[in-house]
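A, B, C and D label the chains in the order they appear, each numbered from 1.
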Amino acid sequence: MAQSVVRAVVVGATGYGGAEVVRLLLGHPGVEVVGVTSSRLAGTPLRKECPWLATDLQLSSFDPATVDADVVFLCQESGFAMEHAEEILSQARIVDLSADFRLTSETDFAEFYGRPHTAKHLPAVYGLPEIGKRDAIRSASLVANPGCYPTASVLALKPLVDAELLNGVPVIDAKSGVSGAGRGKATTDYLFSELATSFKAYGIIGHRHQPEIEEQAGCKVRFSPHLVPMPRGLEATVHAPVREVSVDVLQEIFREAYASERFVNLVDAIPSTKQVTGSNRCDISVSYDARLGFAVITSVIDNLGKGAAGQAVQNMNLMFDFPEATGLSVHGLWP
Amino acid sequence: MAQSVVRAVVVGATGYGGAEVVRLLLGHPGVEVVGVTSSRLAGTPLRKECPWLATDLQLSSFDPATVDADVVFLCQESGFAMEHAEEILSQARIVDLSADFRLTSETDFAEFYGRPHTAKHLPAVYGLPEIGKRDAIRSASLVANPGCYPTASVLALKPLVDAELLNGVPVIDAKSGVSGAGRGKATTDYLFSELATSFKAYGIIGHRHQPEIEEQAGCKVRFSPHLVPMPRGLEATVHAPVREVSVDVLQEIFREAYASERFVNLVDAIPSTKQVTGSNRCDISVSYDARLGFAVITSVIDNLGKGAAGQAVQNMNLMFDFPEATGLSVHGLWP
Amino acid sequence: MAQSVVRAVVVGATGYGGAEVVRLLLGHPGVEVVGVTSSRLAGTPLRKECPWLATDLQLSSFDPATVDADVVFLCQESGFAMEHAEEILSQARIVDLSADFRLTSETDFAEFYGRPHTAKHLPAVYGLPEIGKRDAIRSASLVANPGCYPTASVLALKPLVDAELLNGVPVIDAKSGVSGAGRGKATTDYLFSELATSFKAYGIIGHRHQPEIEEQAGCKVRFSPHLVPMPRGLEATVHAPVREVSVDVLQEIFREAYASERFVNLVDAIPSTKQVTGSNRCDISVSYDARLGFAVITSVIDNLGKGAAGQAVQNMNLMFDFPEATGLSVHGLWP
Amino acid sequence: MAQSVVRAVVVGATGYGGAEVVRLLLGHPGVEVVGVTSSRLAGTPLRKECPWLATDLQLSSFDPATVDADVVFLCQESGFAMEHAEEILSQARIVDLSADFRLTSETDFAEFYGRPHTAKHLPAVYGLPEIGKRDAIRSASLVANPGCYPTASVLALKPLVDAELLNGVPVIDAKSGVSGAGRGKATTDYLFSELATSFKAYGIIGHRHQPEIEEQAGCKVRFSPHLVPMPRGLEATVHAPVREVSVDVLQEIFREAYASERFVNLVDAIPSTKQVTGSNRCDISVSYDARLGFAVITSVIDNLGKGAAGQAVQNMNLMFDFPEATGLSVHGLWP
């Protein structure tokens, strides 16, 4: 049983990820939001910065030394969690939405994030419940909430790896809505007029999510992300060379892998990002290119839902013994 | 107190309005959806037509003669409710999302909907709770759920009328997202490629929502709607000639009018449609053009939320003694 | 006859307006672009900043003291033209795309632009050819290129004023694509994710384009602009109280007013902004609300075409005796 | 030298491809459009169907038996060209924008288009000028205008094949704006509200453009297309396993391949579809994943420009000895 009320603080509450955590928590029957923080905007009503949230919460500054809460959601740039987690953990449990604790490899962290890791001694658990770590999440003090691309990619790829079907390096061609860049990217490149009606690749070689995908999926991947002119949504198309198989067997592998999952579904029709907007769902389609020997998997999530805030709340539900779907929507918002 | 579980049928469940009613009801703790109907698609899983809804409900055909439910949401084109309401009412209460019972004037109905009204003897209540008809809604058997433009327009205009400030004909220049046209409008005009990055007026003279606005607001209005390249959202800008007044007095009038309302809010900054997307909220800003003597009111709603399905559920909550906000979101989905 | 080649400099070539002037001039058979300038980016290839322009032009800094050109297009924020026009005019003719020389009234300039006008002695001509000032433009040294809202609004309103039909204050409810805010507005408010699928009013009272419209149309107007989630395009809906008239007479007034104009057209169907995208056209529809006595005029332009750069080139064509449509498109880009 | 005036007929002038051909031809100094046809809409002014085209042309029906023109652009569904080309060719030359004459393999045609080819005896030339068939195009009577995906894909892949660098099956993950579906697809799936803010894969296995790409590139490919919520634009990301090489060598291969091409450019920054909108350009970026041995090429076109109508006019320019870029824009429209 969950304790009567979990008291939560959201650090970095005015970014897209943080504000979405707040939105979900405000609708969660077992949580009280006792703090929303912003270093820059302390003293301002949250609603002034986030007019979509009909709340009277006031932004405050965050002091890691005096955390009066059961759980802290860290929604900050990389570096913050690494610096403050130990102090916070002495007072509350943490769901960290940054990349600080996602990678096992210190070498990769240093290479891809451009600085040494300073808190490797802290025992973080990677918070992707559907790939077999639920018990670890339940008892974790510090959960590393997965990246958006890794969530969609690993859910699409892991069953192939587990079934030992791979026969070469999978290509993951992934596409994200613009909110993935965050709300702080107030530069010309992210202006509405620059991105509307435009599509492009970016981070073609060496994107930060590549080592995370490889660690969690358990194989090397050729990974490139793209930017789609939509605010939310993320799709990954995995072109995976596989040993000879049939489409029926392929689909059965995915169906079984996620048979008991409420948020991950094998679907018949190729899914669109729109059908999972606002939800915590990941819809997956499985095809087989028999001519060339490729499994082609597409998976869609809401990058701010199952790809960030929704998954963070799902992890919190596990940590605090709430039913896993509490406060989360399994339905998308359409149109 | 609400009865333990209200059993609901949604007639026309695959349209935008109907599917949104289903989505809201599936998240409503006091409602069981016992039927989702579609004359064309009976026998199909709802999820096949509406892949955003993670439900196993099957579409069936609707038989007005055998309604086994407490409440029926009619989400059909004009004409259907008028024809079947009497038979349904002998078995269940009705929230009608069509225009059939919105107008008091039979003459206007005949003129604007092109046919005589055939069920004027049925006692329908106009379901806009915030303009003073809550008790009537609570006890109503048949609620006429308001149109989207009238909801935004009347909420923006009524306080001026009630305060007897009008000094001429208000101009209501309203703008809607494309879902207002419905999901059945599968013609070239509504294709993505035709409407993306385009804005236009339509129905400049004599739009059907004009008499509805006039009846509910209590004054004549110059009304023209426009189509905005976004799926959801609706804004009305009311330019109302007024007697000499101050902006403070104007704002106080609106603040008082909606002081106890959870879903209608006077806001400081000019609101955007995005901030109410997915919610049942109406945000209103009040400005005063002292030079020319105009109050300029802008109001935003989600045309499928407070403008349709959300309001329908709000009305159902009143009819069945649920707290008025049950199953409805007061927060928008952003970005 | 035009001189063989007009040598042009574009000052502020990387903004939306400036780059569009460059694009048009690069396709103009009688113009050589001899300079593209940017104070911030001098030394950079223009194509690096504007990857849509397949040109080898290099950005330079602009020195008003040594202008080696026949015409200078000033595409800068308000204030720049006022400061430098006199010096430039001793060497070249000017088309100024800023607001500096648009207003006749010094009082209004000071009020709406927040500073005194310092160059009122310079003889600027307002460059809206279709409202009767072609000869003045032809011989002008300094043309004040109109604002985007005034262009659409004045073309929609002036014929009513000239016909002495007005019977009250017209309401102009105008809507613009986001590029109207310029490319330099790199703030959170203009991020893709903030504006996509959103519509809102802004500048409800006292927008800077209001006095410009009033001067050129010759009447007071109630004017409010709105922001549409599209990069280009601008629509104005004019609700004008008029003396009793017929729709036929109204339309005839507009048809006659623009009978010989290539770029301004009375159209039968209500026009969309999309149909004029990329063109220098203004399409106008005329309706009559006989019940309440309003003419309702809608007019659409491309805010960067007829609303800025296209009109600037049209003015240059007049100034240098090119056929007026040279280098301009009369067709829109669709879809 | 081109003949003084080429007289052109556009068959299927109201679709997206056909109307874009008309738009380009109306701006072409050496062409007179003598006919625009539509079987369904004969007798209607073209402008009524295509309000973006400011022309007085009237739609007529097309009679293949009496073609009074120098060139006919066939913008019809597959099947039409095959049936009528022989008769038309006795009177005029043809640029066929359908797929009828794109494939060399009769077997593939029958498999992918579901019917036997009935006009294989006609000597069609594949009209992608930049891959070495210019002379054949110049003298061709019948040019098969390439598909949109094949244009972007082949331009991105061919230099790798020619340099004998391939070391496995390339994955082409391609994405198109919605206009690729055509203007006739007036079904629910293509409604604005269904596609706005959504991204999805489609045709994952066995898309019709796959054999076309394979024939022209000269290698097998794993190809899947996706739908992007934008009206125009197409991107292909090619993940090609290659023998060990350096990024410099890779880029040099592409630079040389297109050194003399005006419309195909190797660019430094990863290109966006927006930067080629409205142009006939293809921008290409070349990256190298040294870790896994992949060349990663991205290429962008306007699917209606270089991907359809622009390329058709480019081919016509070759056929009638116009300078190749006549009537075509090398600059994109932005924003």
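In the analysis below, contacts are C-beta pairs under 8 Å (C-beta built on N, C-alpha and C of every residue); 3 or more make two chains touch, one makes a residue touch a chain.
Keep in mind the model is a prediction, meaning the values are calculated, not measured.
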Self-check item: Selected pair, greater C-beta contact count between B-C and B-D
Solution: B-C
Quiz item: Which chain is most remote from subunit B in terms of Cα centres?
Solution: D
Quiz prompt | Mean-CA-position distance for subunit D and subunit C (Å) | solution = 35
Quiz prompt | Intercentroid distance (Cα basis), subunit C paired with subunit B, Å | solution = 38
Practice problem: Using mean C-alpha positions as chain centres, tell me how far subunit B is from subunit D in Å, no decimals. | Solution: 45
Exercise. Name the residues of subunit C that each touch 2 or more other chains.
Key: 16, 177, 179, 183, 193-197, 229-232, 271-272, 274-275, 277, 335
Quiz item: In their complex, what parts of subunit C are in touch with subunit A?
Solution: 16, 177-179, 181, 183-188, 190-197, 229-231
Self-check item: Complex interface listing, subunit D residues touching subunit A
Solution: 168-169, 171, 173, 175, 177, 193-202, 204-205, 220, 222, 224, 226, 228-233, 235, 237, 239, 241, 270-275, 277, 285, 287-289, 292, 294, 296, 298, 300, 335
Exercise. Going by the contact rule at the top, pick out the subunit C residues touching subunit D in the complex.
Key: 16, 19, 23, 26-27, 48, 50-55, 179, 183, 196-197, 231-232, 265, 267-269, 271-272, 274-279, 281, 283, 329-335
